[in-house]
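The chains carry the letters A, B, C and D, assigned in the order they are written, with residues numbered from 1 in each.
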Amino acid sequence: MSADIVPDLSVELNGVTLKNPVIAASGTYGFGEELLPFHHPSVLGGFSTKGITLYPRQGNRGIRLHETRAGMMNSIGLQNPGAEVFVRDIAPRIRGLTGCLIANVGGSDIDDYVQAVAMIAAADVDMIELNISCPNVKCGGMAFGMRAEDAASVVRAVRPVCPKPLMVKLSPNAHDLVAVALACQEAGADSLSLVNTFNALAIDVHARKAVFDNVTAGLSGPAILPIALRMTRDVARAVRVPVIGMGGIETGEDAAAFIMAGATAVQVGTAGLVRPDALPRIVEELAAFMAREGIANLGQIRGIV
Amino acid sequence: MSADIVPDLSVELNGVTLKNPVIAASGTYGFGEELLPFHHPSVLGGFSTKGITLYPRQGNRGIRLHETRAGMMNSIGLQNPGAEVFVRDIAPRIRGLTGCLIANVGGSDIDDYVQAVAMIAAADVDMIELNISCPNVKCGGMAFGMRAEDAASVVRAVRPVCPKPLMVKLSPNAHDLVAVALACQEAGADSLSLVNTFNALAIDVHARKAVFDNVTAGLSGPAILPIALRMTRDVARAVRVPVIGMGGIETGEDAAAFIMAGATAVQVGTAGLVRPDALPRIVEELAAFMAREGIANLGQIRGIV
Amino acid sequence: MTTDLHVVIRNQHVAPGILRLTVDGGAAQPVQPGQFHMLKTEAPEPLLPRPLSIHDVEGDLLSFLYEVKGAGTRAIAELVPGHRIRVTGPLGRGFDVQDLRGRILLVAGGIGIAPFRYLARALVAAGRDRLTLAAGFRGLPYGIEDFAGVVDDIRIATEDGSAGIQGRVPVLYRPQDFDVVVACGPVPMMRAVQQGCREAGTRAIVSMEARMACGIGACLGCTTQTTTGMRRVCADGPVFPADEVIFDER
Amino acid sequence: MTTDLHVVIRNQHVAPGILRLTVDGGAAQPVQPGQFHMLKTEAPEPLLPRPLSIHDVEGDLLSFLYEVKGAGTRAIAELVPGHRIRVTGPLGRGFDVQDLRGRILLVAGGIGIAPFRYLARALVAAGRDRLTLAAGFRGLPYGIEDFAGVVDDIRIATEDGSAGIQGRVPVLYRPQDFDVVVACGPVPMMRAVQQGCREAGTRAIVSMEARMACGIGACLGCTTQTTTGMRRVCADGPVFPADEVIFDER
């Protein structure tokens, strides 16, 4: 170990060079602008936008957040201004904020996905992240992420209309996650990100009913890290395409663990809600960890576990 | 709400009356004797023994425990003295400790399961809990819990040799949990317990390797509660047989939540490791909750969410 | 807006279950009355920070008045001077002091009184001299002494009759006697203010509450229904014209 | 064995990173030297309690000597007098004082010295007068003052040479000079004690460490390999005859 090493944190993801592997996770970083008072998004490897759907959505009513032990549940319901507003107003405005702008796209049926991806991929974004796993959309958004055939069908459908790198975001609720991952790869995914939130339930025992109007909601945060890390390794060992791991990452060492499990890059969601400087800190901590441990670049540790 | 209600906590489970719905979970309560300095096991609804296999097992080498945020991982590997010693020495000794003695049975292939269940069910135990979900046995213990066909095959095989009520313990790692549950019911399970631990990964980033020799291990504790609660509701709504819910329960209100999600009774594991008086406290807290909320018996809240 | 650890200067009970927390370094940036901060102790649990309104800014000190409700506020209540706490802010859109003129009524329900001390001081500093405070409590009132010498007309209602008039805040005022009513408190109270003012034709402003995660507008977790769609309490509010808010009927 | 909240009487540094915690109510039950307690602060995190050996029992007070390693011991180190901490115990099988006779050597590696103060006092009380302590440390020694007036022959080694002899504990003694050697410290040290004593034909006793969850023998998480199979450090130990332990080669 050499104490004076200056580690190289950069990663190459489907032809895009990220200055470091830390990407802000969809739905937790707004459109990047909200964070400007705290740090410039360009200090990160990139960010993924709030999920965008073909048409604007108001999202869910009632309680949208609930805290659990070392985690949180959300049921936002894909509130967003729709693909048209994103392409016309938002994308040009936020383009300069990051070297890797990832547009996260949600949908309820294959046609919606195809139309939304076609519109958004034509805008000035670097990548599309196809969310086939949002558990909060009643009309079946999650269904696509559950079974390999369904996942493949949506990926196959959007592939031709997507000239940009296509990242597909997997659901930890999938029946057979590795099978879904392989099916997405065969169907043309350029990379895979995981995990989205775990389908979970909170009950208000005093009211004797579910906390959320939709009954279940998505669990994220440190509580899920050990499961997400296992899933990341399972998928990374099975596929050829790059894997972007996430789920509960809070520190640079957590990020290093996902990379050791085979991830090319990581995303961070909940930790950034807990404190708005979490993501730049994770970058710094990862650099410090690499320097301390004599790791010159992430290739030296990627997938070694 | 009447403040002076004296709630009835008893539950009927496959013909056995439990004085309350709080059962100590397998692998966390030894054979009941270890807890005697702190409370008498008879204050609980019952307890499930450490998993017993046909032949004695030494369990796994190396680190067996690891703490995570609001949870813990274990890789005990079914260390146990084997069915013969259990039947001859242990069962008679601990029989008097509880009104509901549940023998948890593990195995690596169907023959093992059948022989072990035949021996153990002939002893003076009240129920068999068939663990088709232990993720720590290399030779495939978990495999049976993953797919409906496999689960059904082992349940069908042991059913004829099991004259006692047969509880089947489901894995949260199952591909399609509800399908597995239904298959177990059709194959003859008298009740279903869930969840066993989540397959998870911990990495020692300094050593650049997995913490556990087996790489993955089982996650339990408060971290998993929201997922376990959702799974308990999913299964309880799908099957006719009683469901015993567990996963991260720490308080009487947590227990009430599982019952509102449809559980007939609950099991508690990790919380009892954190403090040896946790289970009797959960019983007291549940009674106090019911009294405060005017709930005369658990039937009034079971499955209302 | 900053996110930093601040040293606790004082953290004392002002009434049972109600504390005032004072931390250093608050005056480093201009703070608008009605804005809030997200507070989190250094312990890992609870995970999320908690929103608390700015109760006052005095010199270098920033203070919060809060009620102990659950794990988050309990953790804050356990801090002693010298401990540190993460404070992120100031956040949100507060009250527009320039825009509040004429006969101004502040309506507080319980701990909803928290943001009014700093608001009242700012209004007085801006030359407003016709200020009335109508504050309602379940039991014994708290935080009222803060308004002595600032607001002349202080009206109190308690549900148990332990002080002031027995009843809820609406018994304390007639909306038509005021040019603008500013309300902060539980939803039923704010709904009553909205309705009363609408009928009387009096302008009303409300400060809303919602469960929050980020507090900065990034997660869309804290939205409230308004006439212009779902809006974020943390970034588009917490202060809204009462007429824009659509209170949930449940 | 009990599980209760105990009031912190003192919690002070005795050396950098090494503290002594004293809680009330320890003497309610007989405690054997070498037994331990599971300690957990009232905070939800970290989840599991941590095992600490009994350092001493004096009247009503129970004390622990501990090194700050990670989150668990850090949380304990933050306690101040008046705070409460859950203490479960006494647990495990300690040293059999009646069985330790003749020329007794206590070998401590670092914080492994913790259980020896109470053991030494018990041995002296039982009339043993040929006690030697051989203690090794990385840097400056700690906890040694505890043995003044109890053990006559105190030998110190430090790896950095800052006190005593430079080197590791084996440089401090020859096993053949003793009738029994009692060791507590890191695994490499205990392996060396086992081997040295085996060669010299001297009886040796070791106090083992393992990650624990329950501390009472219920979870089988803390096992160690022995000549009689996998045994629970918490319930079958932590004290074992050195010859029974099979040290992991890794």
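In this text, a contact is a pair of C-beta atoms (placed from the backbone, for glycine too) under 8 Å apart; a residue touches a chain by one contact, two chains touch by 3 or more.
Keep in mind it's a predicted model, so treat the numbers as computed, not measured.
Seen from the C-alpha centroid of chain A, the farthest chain centroid is that of D. Taking C-D and A-C together, the pair of chains sharing more C-beta contacts is A-C. Put simply, the C-alpha centre of chain A and that of chain B have 34 angstrom between them.
Separation between the centroids of chain C and chain D, computed from CA atoms only, is 54 Å. Inter-chain centre distance (chain B to chain C, centres taken as mean C-alpha positions): 47 Å.
One simple way to say how far apart two chains are is to compare their mean CA positions; for chain A and chain C this gives 35 Å.
Multi-chain contact residues of chain D (touching two or more other chains) are listed as 44-45.
Residues of chain A in contact with at least two other chains: 69-71, 222.
Taken as a graph of touching chains, this assembly forms a single closed ring in which every chain touches exactly two others. Contacting chain pairs (ordered by label): A-B, A-C, B-D, C-D. For chain B in complex with chain D, the residues that touch the partner chain are 27-30, 34-35, 37-38, 50, 58-59, 61-67, 69-72, 74, 76, 79, 221-222, 270, 272-277.
Across the complex, chain C is touched by residues 43-45 of chain D.
By the touch criterion stated above, chain B contacts chain A in their complex at residues 68-71, 73, 175-176, 198-203, 205-206, 208-210, 215-216, 219, 222-227, 229-230, 233, 248, 253, 256-257, 260-261, 289, 293, 301, 304-305. Those residues of chain D lying in contact with chain B across their complex are 1-3, 40, 44-49, 86, 88, 211-214, 216-223, 225, 229-230, 235, 248, 250.
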